[in-house]
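Structures given as structure tokens follow.
You will see chain A twice below: alongside chain B first, and alongside chain C after that.
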Partner chain A sequence: MKTIADLELVGFFRQLASDYDIRVPVLLPDGGRAFGSIDDGALALGGGALPTKPTAVFFPQDDTLFAQGSGGELLVPEHSRPLFIAGFTALDLRCLKFIDRFFADGFRDDVYFRTRESAVVATVSGYCGPDGALLPLANGDCDLEFIALRGQWLVRAYSNKGEAIALLIPGEASADAVAEVGALAAIVNPDEEVIKAASALLLVDAVPDSFWEEIAVNCIQCSGCNLVCPTCTCFGVQDWRYADRLERSRMWDSCQLDGFMREAGGHNPLGTDALRTRRRIHHKLAADMTKWGELGCFVCGRCDATCPTGIGIVAIARQMVAQYGSFQAG
Partner chain B sequence: MNASATVSLYTPRAAEIVSVADLTPEERLFRLRLCDGSELGHQPGQFVQLSIPGFTEAPISIASSPSRKGCFELAIRRAGFLTGEMHLKKTGDLVGIRGPFGNPFNLAELFDRELLLISGGCGLAPLRSLIQYCGDFPGRFGRVRILYGARNPEFILFRDDLQQWIDSGSFSCSLTVDNVTSGSCYEGATGFVHNLISTLDINPADCSAVIVGPPLMYRAVIDQLHCKGLPDDRIFLSLERQMRCGVGKCGHCTIDHLYCCQDGPVFRLDQLAGVKGAI
Partner chain C sequence: MKRTLTVCPYCGTGCMLHLLSEGGRLIGVEPSSTHPISRGGLCIKGWNAFGFVHHPDRLTEPLVRKDGVLVPTGWQEALSMVVRGLQSVQARHGKDAIMFASSAKATNEENFLLMKLARRVFGTNNIDHCARLCHSSTVTGLAETFGSGAMTNSIDCIDRAKLIFVIGSNTTEQHPLIGSRIIRAVNKGAQLIVADNRRIRLSRHANLHLRHRNGSDVALLLAMMHVILAEGLEDREFIAARCENFEEFAAIARDWPPERAAAITGLGAEEVVAAARLYATSPAAMIFYSMGITQHSHGVDNVRAVAALAMLTGNIGRPGTGVNPLRGQNNVQGGCDMGVLPDLYSGYQKVSDPVVREKFRAAWGGGPLPETPGLPLTLAMNAASKGQIRAMFIMGENPIISDPDQSHAREALQSLELLVVQDIFLTETAQLADVVLPAACFAEKDGTFTNTERRIQLVQKGVEPPGEARADWQIICELARHAGSQVMNYEDTAQIMAEIASLTPAYGGVTHQRLAPYGLQWPCPSADHAGTPLLHTVQFSRGKGRFALIGYRQPAEMTDARFPYTLTTGRTYFHWHTGSMTRRTHLLHREEPKAFVEINPVDAAAIGVRNGGLVTVASRRGELTVAARVTGTVPEKVLFMPFHFMEGAANALTNNVLDPESHIPEFKVAAVSIRRGQ
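For the complex of A and B:
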């Protein structure tokens, strides 16, 4: 295991920039944090999970599918250099793994994998949460892990690409520091149990339609819940016309919007706020469970933090369990 | 943009419009041929993503049988942005095609059985693919009965085909319209298509039904088939959803855990048990 000081990080990432497009958490002028290049703002690797959708680095809000030149020839975008991403939390990694499987299943989505496949993903963990709070260890599922511990970052590699990058760091971690990392306590998020209980209720259809009508009254269709969710992958397709070419791109879409499923003939399978709200929650907690054997929500808290009317997934799950929780799954 | 001329999941193949024919005031039949000379390679019940530069894409059912080689046909109602543009296209124009996509009619489950093919409105288009297939391989199926309902006489699709299917002796066809517009010389049955089922002689042990039509039609037709003793595992239906990608990624066609573009559009009714909002 390697070690690097906080002040050395910027230089280290600059060194990697000769081979990679670097995306790291940077400080925004308004005090927020977001993924950016090393020159977009002061490095802010600590501070916890980014408030926006971390998986946007591989599934961006607007992504070109192909371009068509004036002669009709089709051109598919390529990325000349691989991405280096630092700043995913362990929870974000679980979300990334979830959508990796989604985009690989059946028809492999080459647009997603053109950046994802060659990327190096580095996680942050240890005492780098908000106000220095402990973030859970990743222990794999990434190329590198930066573990914050008493003013230093311990760097652990999990892949060949990660090993090659870690070799650029001269400092070796002390045996004490390595032992301290090994002794870091696992973090239990009590909201995970609430989400599981809500999932169990949905899977046996124990939640009546009236519940969704009650919840949906609060939805203002801002779509913030979908736009920050690391596992939301829905998109629409649009054509952009330029003087010399046409570009077809995909853009995030929201199942909370009335037009999400509306067909040209007028039929709308999600024609009410209640149906759309049910769809958002049911998809994560029941449909994904049925399809993948795994919940589509990893309780990152982003939708609850974003929703202006308090109907993020944890808030709804709490209410669901409070109202119908006498049911015992199994 | 760094780019190379490569093929992606989302790039369409060029297809030439070979002919265009009016079917109704709102629907046209387009015969197409892939420009690279290959067959589309579809099965009855599948769909393609029709692509027009500047107008994106839309899912369109394939209206011809794979047994009719060289070309394939799409019956398209002028209903939106892309289909409006498609109706301006002429013979010789090029469009884009992705696919074929989706779960087709499971022919193995239909072979050697009496078939009841029930459609309403545009639903006759995907069913036509199966009807043509039955006509091309008559020994593989039992008696085939076609029930079709249109809005009014003006909107009866595939009039020539319907007559040809009757004349061939391979099919029996029953036609009805929801209502008759004044001044029409139509003298056939009126009423909804599910009303045609009650008078039919159906042996539930030997019959399978296929339903394709507007969403409102399904429940009434299924109720009638249940009255005739047809079990859910012998009822097949093709569901209509707005597939934006056709490959199970965009999320617009989900029905609970099912993706209509991949798990469907053809489902066996028992597979939809407990799936809310499917029909």
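For the complex of A and C:
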């Protein structure tokens, strides 16, 4: 395991910039944090999960798929250098793994994988959460892990690409530090239990329609819950015809919108706020469980933070469990 | 990838967001997670604010009409044609034969420059903007009663209000991040009164929903004040210390027992009493209103009545209270502040005041400035149809869809000798123009917008404009130079703001540098002033708050046997005004792809139409056929239509009757008939 000091990080990432398109958490002019290039703002690797969808680096809100020139030639956007992304938390990584599987399942989405496959993903963990709080270890499922420990970052590689990059770091971690990482306590997120309990209620159909009416009255259809969710993958497609080319792009969609399921003739199986809110939660906590064997929500808290009226998934799950938690199946 | 922190281009809430771009192309937005209003969220329009920017329909080069057809040309020819055309009309018909329409979508700097161009370079006060159509009643009504025609409090006051009274505002749809904050406040225990006869989303959260008849607001408010006085719920101490003209006003209010208002409003007298008690007994009551109050032939009286209610109960000058007009456009507050108004310079300084004129004259390099107030936009359209206005320069407005009585607006614009339109798309109005100038959109330029809570915020350029398109401020400066004037040369928009600050007391301490990251709320009179979140704390801007003497007037056009339905117009959540941006945004257009009219199920059954079926709606001005949306949102005998759609233009039906003081059209009430369409 390698070690690198906080102050050396910028230089290290800059060193990688000749081979990679670098995305790291930076401090924004409004005081927030987001993925950016090293020159977009002060490096802010610590501070916890970023407020917006981290998986957007591979699945941006608006993505040009291809263009067709006036002579009929096909123009596919090229990425000159692979991406190097540092700043996923271990939770974000689980979300990434979830959508990796989704985009690979059946029809393989080559637009997603054209950036995803060549990318290097580095996780942050250890004492680098908000106000230095402990973030859970990734222990794999990524190329590299940056573990914050007493003013230094311990760097652990999990892949060939990761190891090649780690070799650029001269410092070797001390045996004490490695032992300390090994002894870091697992972190229990109490909200995860609430989400699991809510999932159980949905799977046994214990939540009446009136509950969704009660929740959905608050929805203003901003679509933010979907657009910040690291596991949401729905998109629409549009074609724009310019004088010299036809351009096809895809952009994020939201199941909270009436047009999401509306048929051309006007019929809509999800035609009310209540049905759409139910669908959003049901998809993550019941349908995904059935299809993939795991929940589609990793309790990152982003939808709860962005929702202007406070009906993110954790808030809904809490209310659901409070109202129907005594229900016992069978 | 590049990130640019800027302001949402849609409503007046003023959310800030980051534009994300890659290789000069926008690829998304992210809400500002720390901004005091956005707080990490956006509405559907904000989340899609980038969606129209690279649309193939963007104007990329100037166009001039040759042999009846608009053809591309270079900037030099286009600008020369504009200047020569305006000067020629002025030479033959006088300085005031031309009209400038500015834009509440454009920045403060651009509005200030168009104001300067009209007054200093072309010597006319004929300049106005779309505030005439939305909140001119507020500017007039609140200036008279309080001395300042803007929101008295700040958006974060919602968190401290104990009662919120929303009248004539569909807040969750038109100011979503304000509407949602109201919902949060109610969920945490605040009380809510909604006065609006449509069952808007907020009404589902209301303790009391008053579904009064369209245009009966003055009767409702006077009767509420009658109850307050009759039950001794007024704040006598506040009235005595802070207000004037109370006794004269009280005599009027005492003449409005709830039973009298009930007959006019269609409400039960007990509903009026309940509303009055709820509002008056709250320790902190906050009023929000919007175009349901202002867009009437008695819009100014509506505003005066709202102001009186707050003064009567002392609900002003404290956190969690106040009279809060929600301004529609992203920069309509700024447009007014910048003096794109026929009678006012920036900072609401009167053109008729010789001292003010001298100040601007001296700052603008001498030369005479016009003395008499110019024409409001609505009267200018009337004057155009009579041949009194011969040329019009329209920046970023689309009156063919947004003005009342569409055939009248079309006739007025077509009768002009010269119509110049500066815009980002070839709008329905631009299609009629003799010269079209391609402009940069919000994402392609720098400057400032001022939101509804008087917060001046930085707009920053994320990507380059397409083709030959330029920022409005650059085009305006070029026009001045083509007209032979050297008074409008600026390096950048920060320099323009420096001039604004030097001439506009409320903006006196504003510099672009000071505005990062979240701006300043005016008044901000000096460099060391931190801005003013709360107005009228110790005294009103005009000294004493004035109780205006008001009377109830019914809408200009009431229903009758031939036109038995009341048509009211407005907007939908997914579209913005004339749809030039939102109808070119994939997701927004998908959500609301076509024109419709809301009709109550009882009425729908009576005319034999089902949801989605076609209906023909007719007024004395015209008729059109659109899809019926059968819904209990509207009460019986009331129809609602959004005005976004050219192919089902609500303003083909609306009544071009104006408030005599604010000259705002009565968009909210017209008498119509409806029948099953073909």
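Keep in mind that, in the parts below, the second predicted complex is superposed on the first by the 328 of 330 C-alpha atoms of A that agree within 3 Å, B and C clash if a C-alpha of one lies under 4 Å from a C-alpha of the other, contacts with A are read in each partner's own complex, and residues count from 1 in each chain.
One rule holds for everything that comes next: a contact is a pair of C-beta atoms (placed from the backbone, for glycine too) under 8 Å apart; a residue touches a chain by one contact, two chains touch by 3 or more.
Computed from a prediction, not measured in an experiment: that's the story for all the values here.
Trainee: After the match on chain A, would you call chain B and chain C a fit or a clash?
Mentor: Once both complexes are aligned on chain A, chain B and chain C fit side by side.
Trainee: Can A:64 be said to touch chain B (first), chain C (second), both, or neither?
Mentor: Both partners, chain B and chain C.
Trainee: For A:282, using the defined touch cut-off, is the partner it touches chain B, chain C, both, or neither? Pick first, second, both or neither.
Mentor: After superposing on A, A:282 lies in contact with chain B but is clear of chain C.
Trainee: Contacts for A:103 in the overlay, against chain B (first) and chain C (second): which applies, first, second, both or neither?
Mentor: first
Trainee: Which of the two partners, first being chain B and second being chain C, lies in contact with A:175: first, second, both, or neither?
Mentor: Touch partners of A:175: none, neither chain B nor chain C.
Trainee: After the superposition on A, what does A:185 contact: first (chain B), second (chain C), both or neither?
Mentor: So A:185 meets neither chain B nor chain C here.
Trainee: Taking CA centres, what is the chain B/chain A/chain C angle in steps of 10 degrees?
Mentor: 80
Trainee: Is A:238 contacted by the first partner chain B, the second partner chain C, both or neither?
Mentor: In the superposition, A:238 contacts both chain B and chain C.
Trainee: One more residue to check, A:263. First (chain B), second (chain C), both or neither?
Mentor: First partner only.
Trainee: Look at A:305 in the shared chain and tell me whether it touches chain B only, chain C only, both, or neither; answer first, second, both or neither.
Mentor: Only chain C; A:305 stays clear of chain B.
Trainee: With the two structures laid over each other on chain A, which partner does A:253 touch: chain B (first), chain C (second), both, or neither?
Mentor: Both partners, chain B and chain C.
Trainee: Working from the superposed arrangement, determine the closest approach of chain B to chain C, counting only CA atoms, in whole Å.
Mentor: Minimum over all C-alpha pairs of chain B and chain C: 8 Å.
Trainee: Does any part of chain A touch chain B in one structure and chain C in the other, and if so which residues?
Mentor: Looking at chain A, the two contact sets intersect at 64, 236, 238, 241, 253.
Trainee: Going by the contact rule set out above, which residues of chain C touch chain A in the complex?
Mentor: Its residues touching chain A are 1-3, 5, 16, 18, 20, 22, 25-35, 39-44, 46-47, 50-51, 54-56, 172, 176-177, 179-181, 183-184, 187, 201, 204-205, 516-518, 573, 586-587, 590-591, 611-612.
Trainee: Inside the complex, what are the residues of chain A that reach chain B?
Mentor: Chain A reaches chain B through residues 64-68, 72-80, 102-103, 105-111, 205, 233-239, 241, 246, 248, 250, 253, 255, 260-265, 267, 269-270, 275, 279, 282-283, 286-288, 290-291.
Trainee: Along chain B, where are the residues that touch chain A in the complex?
Mentor: 1-11, 14, 53-58, 77, 79-81, 83, 94, 214-215, 240-242, 244-245, 247-257, 262, 274, 276-277
Trainee: Please give the residue numbers of chain A that touch chain C in the complex, ascending.
Mentor: Where chain A meets chain C, its residues are 23, 28-37, 40, 51-52, 56, 60-64, 217-218, 220-224, 227, 236, 238, 240-243, 251-254, 257-259, 266, 305-310.
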